[in-house]
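Note that chain A is present in both complexes that follow, paired respectively with chain B and with chain C.
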Partner chain A sequence: MPPKVDREKCDGCKAEKESLCEQVCPGDLMHLGEDQKAFCRMPRDCWDCMSCIKACPKGALETRIPYQLGYHVARLIPMMGTNTITWTCIDLNGKVERYQYRNRGSDD
Partner chain B sequence: MAQTIPKDFNEIQSEMIETDLLIVGGGNAGCFAAVEAKTKNPSLKVTIMEKAHISRSGATAAGMDAINTYLRTDKGETPESLVKWSRAQVGGGPIREDLALSNAKILNETVDMLEEWGLPFVKDEEGHKQLRGRFDVSIHGEQLKPIMAEKAMEMGAQVLNRVVATNLLMDGDRCIGAMGIGVRDGKFYVIRAKATIVSTGGACGIYKSPTTDYSGAHHQTWMCPFNVGTGYAMGIRAGAEMSSLEQRWVATRTKDFSGPVDTLSVAFGCLITNAKGERVMQVRYADKGGDKAARFYRLNAPMTEWLEGRGPTYVDTTVLSQEDAKDLREDLLNERPSFVLFLASRGHDITKEPVEIYGSDPYIVGGHTGSGYWVDINRMTTTPGLFAAGETAGGNPNKFVGGCGAEGRLAARGAVEYVKNVKLPALDKAQVEKEKERVFAPLLRGPEYDGVTGIEMEERMQRLMDEYAGGIHQFYRMNEERLDHALKNLKMLKDQTKYLYAKDLHELMNALEVIDRLDVAEVLVHHLKYRKETRWPGWQTRMDYPDVDPKLDCFVESRRDQKTGEIQMSTRPYEQIIPGDRTKP
Partner chain C sequence: MEKTKAPSKIGLFIFDPGGGLARAVDLGTVVQKLIKMKNVSRCEVIADIWSGFLVSVKEDLKAGNLNRLLWVGRFSPYQEKIIKAELSAEGLNPYLHEWCDVEEQGVGKEGPDRAVQTQKVMMLVQMAVGRARLIEALEPVSLPAVDAVLIIGAGVAGLHAASSLVKLGKRVYLVEKESGVGGKVASLHRLYPRICDPRCGLEFEIEKLRGSNKLELHTLSRVKGLDGGPRNFEVKIEKAPRYVSEERCNGCGKCAEVCPVTIPDDSTSHLPQNPHQSGKKAIHSPTPMAFPSAFVVERRYCPPQCRECVKACPTNSVDLEQTPSDMTLRAGAIIATTGWDPYPLSKVEEYGYGLYPNVISNLEAERLLENPPELKEVGFIQCAGSRDEKHLNYCSSVCCSVSLKQALSLKERLPNSRFSIFYQDIRTPGFDEELYQRVKSLDKVIFIRGLPSTVKPDGENGRLKIRAEDTLSGKEVTLSLDLLVLAGGMAPSGGTGEIAELFNLPRNNFGFFESHLQCHPEESQRAGIYVGGACRGPMNVGQSIESTHRAMVEALQFIDGTFLVEPTHPLVDKTKCDKCKRCMEDCPFSAYYFDSEGFPTPDLARCRQCGNCMGTCPLTAISLRHFTIKQTAAQIQAIKVSSLPKEEPVILAFLCKNDAYHAAREAADSDAVIPANVFFIKVPCAGSVNNALLADALSFGIDGILIAGCKDGQCHSVRGNQLVKTRSGDLADKLKKMMIEPERVRFEHLEIRDSGRYVELVNSYMRDLKAMGPNPFKV
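Then we have the complex of A and B:
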């Protein structure tokens, strides 16, 4: 399912030649509309790899499970740090889990 | 970003590039090939032609949670023991033991390079890379793809992002580069190269996936759906020899959302069970090795349970403690984060309820099974100047991330030697113009053209292959008559590609993708027809030939005749190098 775009937060990466989600999508699916907000041009074709979510500097994108496969609504939000990633997962029942670990380099 | 969409043929700009080594596909094998080539010869010009953006392209875009092949030499593992294991995973082969051994010999140094570049490995108490199975080691691999890409660029490789390869550039029988389209700039790319490595990944989307859904879930596939088999298709069209395409890869995945199963079953000891609560592998496959049975038995088992009335099937996660379950989710976040979201969207506590599993649609992926180009020990294909590595190179299954990286390095070594003795011939303008006309035709037909879109044709092909060439909805089974029906209709579809139209560059890419998939599908069906036996149930199940035929203990090969377009089949003998029982790991 394509990422849900928060149109308030998305600024189309004004400072960039091309918005970061457009740059990074392995399926060439993210695109800016005439209003300079991101959208997924072919919802069925998203692989849910979450590359665009990780790349978005505004936190404006969120992957949602297609309703055909899951229930409304759960959330999974990655925060990219320096050599770490933090994930927040909120399940259908509102239960929150947090994961933080190193994604580059070693602890020693 | 605004696209430049050419309206007529004369508006299309061409970009001419000359290089020493062209790498088509900047994934795992391609990045390692670039690093190796620049290490061997820093003055060599290395160009990577990349369909997407190299930082997050292809099969490892989301990350990985393990490197599935690494030799813990302190535990007595050797290149030979890995090849023996790999051979047993494909039921004793045939496999190319020469290729597998050469890969295994540089496997550890290749995986260690990833650690040096900044990929975090989980370590055990003695400081060794932590095993989660016999050969797989755990990583925190969310950044795997960007790390490999950055290294390739740091070493000085030129990267052409968003340039989709469409055909090889040929000088008679020799490959001298490739051509393609820029999906952002709308330009036609002609890249002349002394040597070319094709490392585009394998083919997904030849078959209909079990979660296919037009509105939101067409791409719930295990393999990256943007890997469409272009690497194979370009070679098929140029007359290169393909090997073992009939050894399809079918993965067991979590049902309804293609999540990794090895992570659960191998790393966390959650075994396969059925609706009756039976341990499937122990009850029905004890003579094949139980939970350690050859890979195709394990992959085919869940669907056989469904077929015989004992579904649903599960991996039994109820053996996990709450703490283990959280560790498991952390591993999953590294490889398939949206699967953690999927579990959350069902409010699924995996310690209380097991996770359902199901078969996947079949894939052609030479990094996993034996499908791909026939290559020599230097990874050169039967087309001089063209090398293959990773999923595109055949005969050498179970390579996975480490092995594909190692093979990229071997292909680069072969290519670096090859370029020493070759010169680039003059550009064949007629060939270039012909290709430019071919690839831009769907776009130039215009948005109002009464024709067929790439996606429509893709869905038609996927259903045809699913029903007639052994897809999941037919429990991977096929017979001669169904395969003939598939071939007849594939020919029809191929003829109808003249009606493809596209309204923008993205749709043009879709149209070219279905042309590539059709070329792969046609050759695949010829391979499936030739192997009149059932050697690897699930991967290749012939209802009309249910047993193994000892006469087919060989490689099945194909080549498209360049004059007639017919697919010619042949065999090559299997050569055993590592002694011993081929079915024992």
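Then we have the complex of A and C:
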């Protein structure tokens, strides 16, 4: 399922030739529309790797959870730190679980 | 990268001269715990830095037992300097010191719980150790500088700056669009307060420049482009043809004698006959003042095929086939002294300027001062088009004194004439008041408070009928005048607009060059480019000279051989950067350019090291050296939230070092009680805080993050505060989606004297956070 784009937040990476989501998408699916807002041009090809969601500096992208996994309220939100990533996982009942990971970084 | 280097061996010294820290904190336990920390090789409490202590540190450095030093406690700037100097003699780079002032964080006061304070000191020192492990030796970067200053505009400001620079032995390029120098001031007749001739003062400066081989004067020239950066600007200029060789012409004037064309003088149309302005030929001496001395031909007035001047010239210097030429000048710094333009008074329709020949502007009135025609009744209207929202929305600050000066000089020549001055307020700041008093004491000079409503011809006799209400007496005044002088205001010059566009310099609401008026009035917002004189705002001649000198002194630093840049500049990690160029967009000083591989790179000469690029980089690829993202992340990571009681909120504050930090420091020095669980990190600008750091802090369980920056319009890096406000706002929105209270990230304005507000702020934030409950990421 393609990511949801918050059109108010998305600034098209300020008229960049290639926005960050476009650069990072392994399937080359994200694009900037004529209105300079990002969109997924082939929704069925997206395999929810969430790279674009992690990359978006404005926090304008959110993954859409496939219905087989969770309805409506269900959400999965990553937050990127310098060397950490935290996940907020909200299931269809609104139950929240959070995980925090330290990346196996290059410097330790 | 780190692995290849020798491991950090940190010498940790807790400075407690009066024993005050020991009274509030259990230093014994602190030392015992710290000595066990990774990378800490030596840890002790010291009472003073002398008495053999520094010697022992030097020995340890020499033996290789220590390679970084962490100083805990408050050192005076003098002590810091001494320590750095003493140890750099032993080969320790000054950037390998880390200073951790625990007192500014609110520790060391007697009263609060000793255990709590001990814990806070532990935490702070651990943070500092985390950072100290990662600090590196840095050397200042030296950049070459072109040893010349380019000055745009050879008016009074430009000439004075040029002559002072030449006196200091510096090379100067002076670019002027007219054929001669002097600008507006050369067209004035008298200068207040001494009522002397401005040409005298200008000639004095020109004389100094004439003999100098350091000055290169380009008249009839316009700036066409700018390349390069501070210390190495390349300015393209276009030089219009003069048609007379500057090298050969001796200014004898034989050409003007034979020239068949007399050209109309530009601004005499409204004036009664003035003998001084007549008889200018198509080939003439440069105006406003004849420097250079070579004559100039105004080709548009030449009759076709006329070659009289060529034939008459004894030195063979007239060349009517000259074409415009382009040049590139290289300079280390630029000073714009583009001056002002008189406000077009024809726009102030009610006063009939341009309609009636005897309504003239104050600038034109200057020409009358020396030899005025017989005038019985003269009127002055102050604020003509100034302090008026339809025209100039500001006070030009000099027009009152100018009109007073003109009235005074005219009165000398015309003792029996009557002068009426219509005004809103007479504004004669400072010593100009004396001028006002002098004019007031004159016979037959009346001041009427109120601006005329109509100016009409008085019948057929060529006089003017003027009607006004005297708002002091409430009576209507009707006068018949021979001459009406409109005190028009100072508007930004056309040149200012041109240069602002070409150089990308911001302008203020009124169209003058923008500068940080209180602290750095001479600074444009581009490094190496300074603004001086009336292009910055209305000012009188004296102020203009002062202001341009201030610009000149600042410009000097950019032209002195080589220049040392502090090594704390941003560095782009090319392995991480994906060229999104957000740093370029957000850099308040436009310091970024693309290098040969297409990576954004800061121009170190332009960079002010505010760190906004570091704050904005979505990939955390940019770091200020000595204040890297990694160092700050390590500092944040060292806050062991789990060791504190879960119900006690922990606040991490990022404080702008210019304002908010000083407020916090003052608060700590006062009696105010600062909650123990507030830790702050000093940042170069609030805008240098990266969202990844905030995410780190939240994920480590810190309950609230406070970012404190300047108010809008006060930020030293122009808009860093706004950038961080937007970014932290984005993060707060994300927190909301994550079902975390968005208030856990807060941006606040703090001014330097807001220490009381800082205390209030952290206390109220503490209460809010307590009500919210612990951060869900807290374990």
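As a convention for this text, the second predicted complex is superposed on the first by the 96 of 108 C-alpha atoms of A that agree within 3 Å, B and C clash if a C-alpha of one lies under 4 Å from a C-alpha of the other, contacts with A are read in each partner's own complex, and residues count from 1 in each chain.
One rule holds for everything that comes next: contacts are C-beta pairs under 8 Å (C-beta built on N, C-alpha and C of every residue); 3 or more make two chains touch, one makes a residue touch a chain.
The structure presented is a predicted model; accordingly, all values stated were derived computationally and were not measured.
Q: Pick one for A:V96: touches chain B only (first), chain C only (second), both, or neither.
A: second
Q: Considering only touches as defined above, state whether A:P43 meets chain B (first), chain C (second), both or neither.
A: Touch partner of A:P43: chain B, not chain C.
Q: Answer with first, second, both or neither: which of chain B and chain C does A:P57 touch in the superposed model?
A: second
Q: On chain A, which partner touches more residues: chain B or chain C?
A: If we count touched residues of chain A for both partners, the winner is B.
Q: In the superposed arrangement, which partner chain does A:Q23 touch: chain B (first), chain C (second), both, or neither?
A: both
Q: Is A:T86 in contact with chain B, with chain C, with both, or with neither (first, second, both, neither)?
A: The second partner, chain C, only.
Q: Name the contact category of A:K9: first (chain B only), second (chain C only), both, or neither.
A: In the superposition, A:K9 touches chain C alone.
Q: If you stack the two complexes on chain A, which partner ends up touching A:A74: first (chain B), second (chain C), both, or neither?
A: So A:A74 only meets chain B here.
Q: Going by the contact rule set out at the top, does A:R104 touch chain B (first), chain C (second), both, or neither?
A: Once the two structures are laid over each other on A, A:R104 reaches chain B alone.
Q: Chain A residues touched by both chain B and chain C?
A: Touching chain B and chain C on chain A: residues 23-24, 55, 75, 90.
Q: Would you mind writing out the residues of chain C in touch with chain A in their complex?
A: 1-2, 578, 580-582, 585, 616, 618, 620, 629-630, 633, 690-693, 695-696, 698-700, 730-731, 733-734, 737-740, 776-777
Q: Applying the document's contact rule, which stretches of chain B touch chain A when the two form their complex?
A: 1, 52-53, 55-58, 61-62, 115, 118-121, 140, 142-143, 147, 162, 183-184, 211, 213-221, 224-226, 256-257, 326, 329-330, 333, 337-338, 340-347, 455, 506, 509
Q: Tell me, which parts of chain A touch chain C in their complex?
A: Per the touch definition, chain A meets chain C at residues 9, 13-14, 16, 20, 23-24, 55-59, 62, 75, 77, 79-84, 86, 88, 90, 96, 98, 100, 107.
Q: Enumerate the contact residues on chain A facing chain B in the complex.
A: The contact residues of chain A facing chain B are 1, 17-19, 22-29, 31-32, 41-51, 55, 63, 65-76, 78, 85, 87, 89-93, 95, 97, 99, 101-106.
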